[in-house]
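Next come two complexes, and both contain chain A; in the first it sits with chain B, in the second with chain C.
Right after this comes the complex of A and B.
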């Protein structure tokens, strides 16, 4: 007996982390995923989630203590009702969806005189603030691949969080002027000995929340050749002296920084200090710094918000015009001070990720949750809007951690009869515009 | 006299009934303006926004009605950009610096700019593929590649920014002489300028190569500029509307004498003399306006110098295998010696070059100042007294060494129309879009500039006010703006060039670079037509 199988290979852009690997190949057999090539375990999991049973399948509206199933049009109508009757809604999330959806979200927030914030607020927002403070010397990842002879990871562990970063863009990649990793050196700076640290030429362990002092001390050593007189940082000075030597020998250096710098003590000052160090290093040779962005399109969220409104996140439209003041218009501060009466979450899970004190303030607030997967937020929501998985079941545009735009592709046709984020938001925008 | 428009074009008689009638008696009717050099969309503009939230707090020039969002000064949001240009009476604008890898970003923003037709220029002056092909003397393949990469990025023409210097800057170095060898590539900036100007002519692009010279911004650079222009002298002229072989962008920034900031002086006479005696060069001004702005260019090394001079904010963003870029906020001050001379150099160039068809008014927005300042430049060109009033206020040392006070020429209104409409349209190869003639695209701006019987240059305040806000802007026969208020939504077309050449050699070449050096797949590098607002290819799509 001969079994005929209908197998095709589709190219995919992985919608998991900020690496946005676009060389993934998925083999489909009769429309189902047969195998996945070139993806890391995280990406594989995301792509496979299309066939998972753990999905939001139905449009739900809360009625008493239960949620009842409704049609898409009823759900859109009810969403518009809640949004229009809210005094100051906040639309939050946006990092796990396409730029097209992000743009629509901004337009909805604008019409409603609400707030549009994204997950940058609780991850790399401080890096955006520091960029506004002093600017950032940066480059695309290919510059690192082709030129970098010294790579520093600071407060990030790529092997766990961005598994293909090493191979595609940095330490293990091959480039024009650096043919293999024997010609690259790596320094890892972290609070614990991570898996990446074990591969490094130099690992420097720092005390939690001491990064600002360590950067400043390193800056001093590089500028004056010796550590500052008063020992500021609780770090092994010999380690820093050795690192400074490697740094000064490099022809092209890069610092990749993660949440270990952006969300620890001293906040944006860490980045301000880092950028200042990088500027100093450009007097000797070429140095750049690139953020290790988490969600696959969090960079896109910042770019879209920047060109639409002038501000990268935390955009408050309550005066009718865009206003931005992190610490005031960011989700944590708004919720904590009870300033918003409605939370709409799109492709994010604020109730599962924000601090408990803030989450407790959402009790009594109206919540709308748009997400392909069940989360604590969809659990608590008054309206649940299921969608297709962006980058797996639908396409769009996303920006990689270095600001390179890459198309997202629908890998397979969903078995679920749902809309994409973009299509659903378009319906909501139309409904709101028409009702106003 | 009546001007009749139907179905988007000028016609001899109207067939339909009940046409809209506009009484433009005693008004000035001009073709829609053409800005051939303005950084209004894409990666670096958005980085400029990120660098300067303060700028977006300052200005809310637009009413922000409905879901339209408008903020910003040097880097207005796309909607505000289209609105401001339309208010100014413009119809076509050119984004002059697109890194191929980020072309998708530029198109994403350009889609949000209403009213305008858009074109964009592709940064090819530091491209590895191009430098390698020149070094290997594979010049036929170079032609095919240029066509392919223009097609892939859906851009219109070639831009060279400090050729070779961007590659040097990738190592933290710069190139100051066009005969110096580019690190790791056995060619010179001169080779790039010559070969791409030649390719440009061969493949019949509609606009010449746009050149941002090496050493831009530095004292003594006028010699580099003239040397660069001489490089392509023997290529002859191009066929078609735009005969020029090279377009010198923001010439003001490339026309300085002196050997330090202390001895800095104007090189406008030498550059203008060269342009007057040669027919292969067109240029735009890059006039500076005394104000604060956000400078942004692919000339990364220069931006680093500017950062070191100002000690302020600095963004650098190099793009793999293709280009450098940098962003630095800057304030041009009247009392600053160098700034005062820069201001004079731009106007001197405009007044010393005899043929207005060779030049276009620009500020290199936002580098020299914002595009909404164009009416002020027109007033300076039309009125010597108005120039003198500004000269009185500038740095006193500069006042005595510039030649501007000795120039008596005043532009006629007709000449200002050439340098803001006809000449830039001709240089860009879209002449028909800026001509009032039967069958031509109906793009019109109607201004109230006072009594047309009198010399309009006489009253610069009235002139500036009138030119700053058109009574009507008519785009493709539709009234899109009336007295500064949008009348209806309209999206213009996006012109692009290039084509796919069915060549194994080309496929092999491009595939190699993507496999070895790029960090994206080739198929994701190509911008699809569906990602572009109303795409129009001005060349053949497929070559055999």
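Right after this comes the complex of A and C.
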């Protein structure tokens, strides 16, 4: 008996986190996933989820206490009905889908005079605000890989959230001018000893919510060579003095920051202080900072929204022109104050990720959920729109955490008869435009 | 006992995000505490504790983590934990998911 196996290797980009690793190789055997090379556990899971049974498979519309299955055209028609009848809909999510889909979402929000917000508003929103106010001294991950000899992770644990970050772009990567980690040093600053902190050359433990004071103290030490008279009690000054010495010795330094900095204490002031520190450090040597973005295309959401409206997130079209005021036009503020009467979630799970006090305000609100997977939001939704997984079953464009665009190619042909986010939103946009 | 809540991600949490969120409440239902804090509230590994803030409360199992500083409770972020996170107008749209003051006590 002769067994013929049809095996091909597909070069892929992992659509999980902001690293967008584009060296993944997936071997397909007769169209099914046989093996995955160069992916972390998170990427592996995401690619394998295409064959998972836990998927949204049917277009569903709520009828009484049940949801009934409908055709794609009926689902699109009902979605258009709900969107057009809403006074102020909010279209939220957009970080786990392509830039092409994000662009369509912005067009829909503009026609409806609604609000378009992405997950930035509850993760790196404070960094986006600080960037708008003072600019961000940044670089690409390629520059970091090839040149950085001092790497600082502040409020971020890449080993858990971005598992290949060390190897591909920072501490363990082989760069052109810094060939191995013996020539790199790493400082981790966090409130607890994370797994990344255990690998660091220096770990600085800070008290919760004290990052602003610590950044200011470090800035003072770097500028004047000694700690300020009113020392921050939230950190060991000797640790900061040692860190300042390493920082001044570095030729090319980078600060990667995570939610430990954006989500605590003084919010966007933390980032304002960090950017100010980075500018000061550029008097001695080359220093940059890069946010550790979580969702694979949350950076793309900011870039697409910025070039289409001038604002990176929380864009309110209700006056006919884009208006942006985080704290007023951001999802948690709009939902908490009952200012929106319809929530459309695309490639996100607001009911599973937003604060409990905010989620409780969505009870009774009309919800449309577009997602490949079941979530608390699809569970509560009036309309469920299943889609293909972007980056696995369908392609598009995404932006890496450093703002570099990377093409996403479909890895395998889906066994499901579904549309991509882009195709579905195009249908909704056509329907709405025609009816308007 | 009053404590500071820190939420963060983990590899397992990341694996459950896409499609397996229903497993989070059983697989991630623990919180890490410093051994001295565990003594203070008289709990051992695996004992149930309640985390409270205002009128919200969640129930988790205690887990010993000697690397955590005193007074800190570390919880892997999942939908259940978000019940404790308040709305805060002054944060300009951000949710205060880290550094939140809560009460923690043993469930008899």
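Keep in mind that, in the parts below, the second predicted complex is superposed on the first by the 435 of 436 C-alpha atoms of A that agree within 3 Å, B and C clash if a C-alpha of one lies under 4 Å from a C-alpha of the other, contacts with A are read in each partner's own complex, and residues count from 1 in each chain.
The rule we apply is simple: a residue touches a chain if its C-beta (ideal position, glycine included) is under 8 Å from a C-beta of that chain, and two chains touch if they have at least 3 such contacts.
As the structure is a prediction and not an experimental result, all values here were calculated from the model.
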Where does A:122 make contact in the superposed view: on chain B (first), on chain C (second), on both, or on neither? second
Using the touch definition from the top, say if A:55 reaches chain B (first), chain C (second), both or neither. second
In the superposed arrangement, which partner chain does A:22 touch: chain B (first), chain C (second), both, or neither? first
I'd like to know which partner A:264 touches here: chain B for first, chain C for second, both or neither. second
Is A:358 touching the first partner chain B, the second partner chain C, both, or neither of them? second
Looking at A:422 after the superposition, I want to know if it touches chain B, chain C, both of them or none. Which is it: first, second, both, neither? neither
Let me test your reading of the model: by the given contact rule, A:78 touches which partner, first (chain B), second (chain C), both or neither? neither
Could you say whether A:382 touches chain B, chain C, both of them, or neither, answering first, second, both or neither? neither
Doubly contacted residues of chain A, that is, touched by chain B and again by chain C: none
If you look only at chain B, which of its residues touch chain A in the complex? 43, 45-47, 49-57, 60, 64, 66-67, 69, 71-72, 75, 77-78, 101-102, 104-105, 108-109, 112, 128, 169-172, 184, 304, 307, 313-321, 327-328, 516-521, 523-524, 528, 531
Where on chain A is chain C touching in the complex? 16, 41-42, 45-46, 49, 52, 54-55, 121-122, 125-126, 129, 157, 160-161, 163, 191-194, 205, 207-209, 259-260, 262-265, 267-268, 294, 314, 326-327, 329-333, 336, 349, 351-359, 372-376
For a test of understanding, state which residues of chain C touch chain A in their complex under the given definition. 4, 6, 8-11, 14-15, 18-22, 56, 67-69, 72, 74, 79, 82-87, 89-99
Going by the contact rule at the top, pick out the chain A residues touching chain B in the complex. 11, 13, 22-23, 99, 106-108, 110-111, 128, 131-143, 145-147, 168-169, 174-177, 251-252, 279, 282, 284-288, 302-303, 306-312, 320-324, 397, 399, 403-407, 429, 433
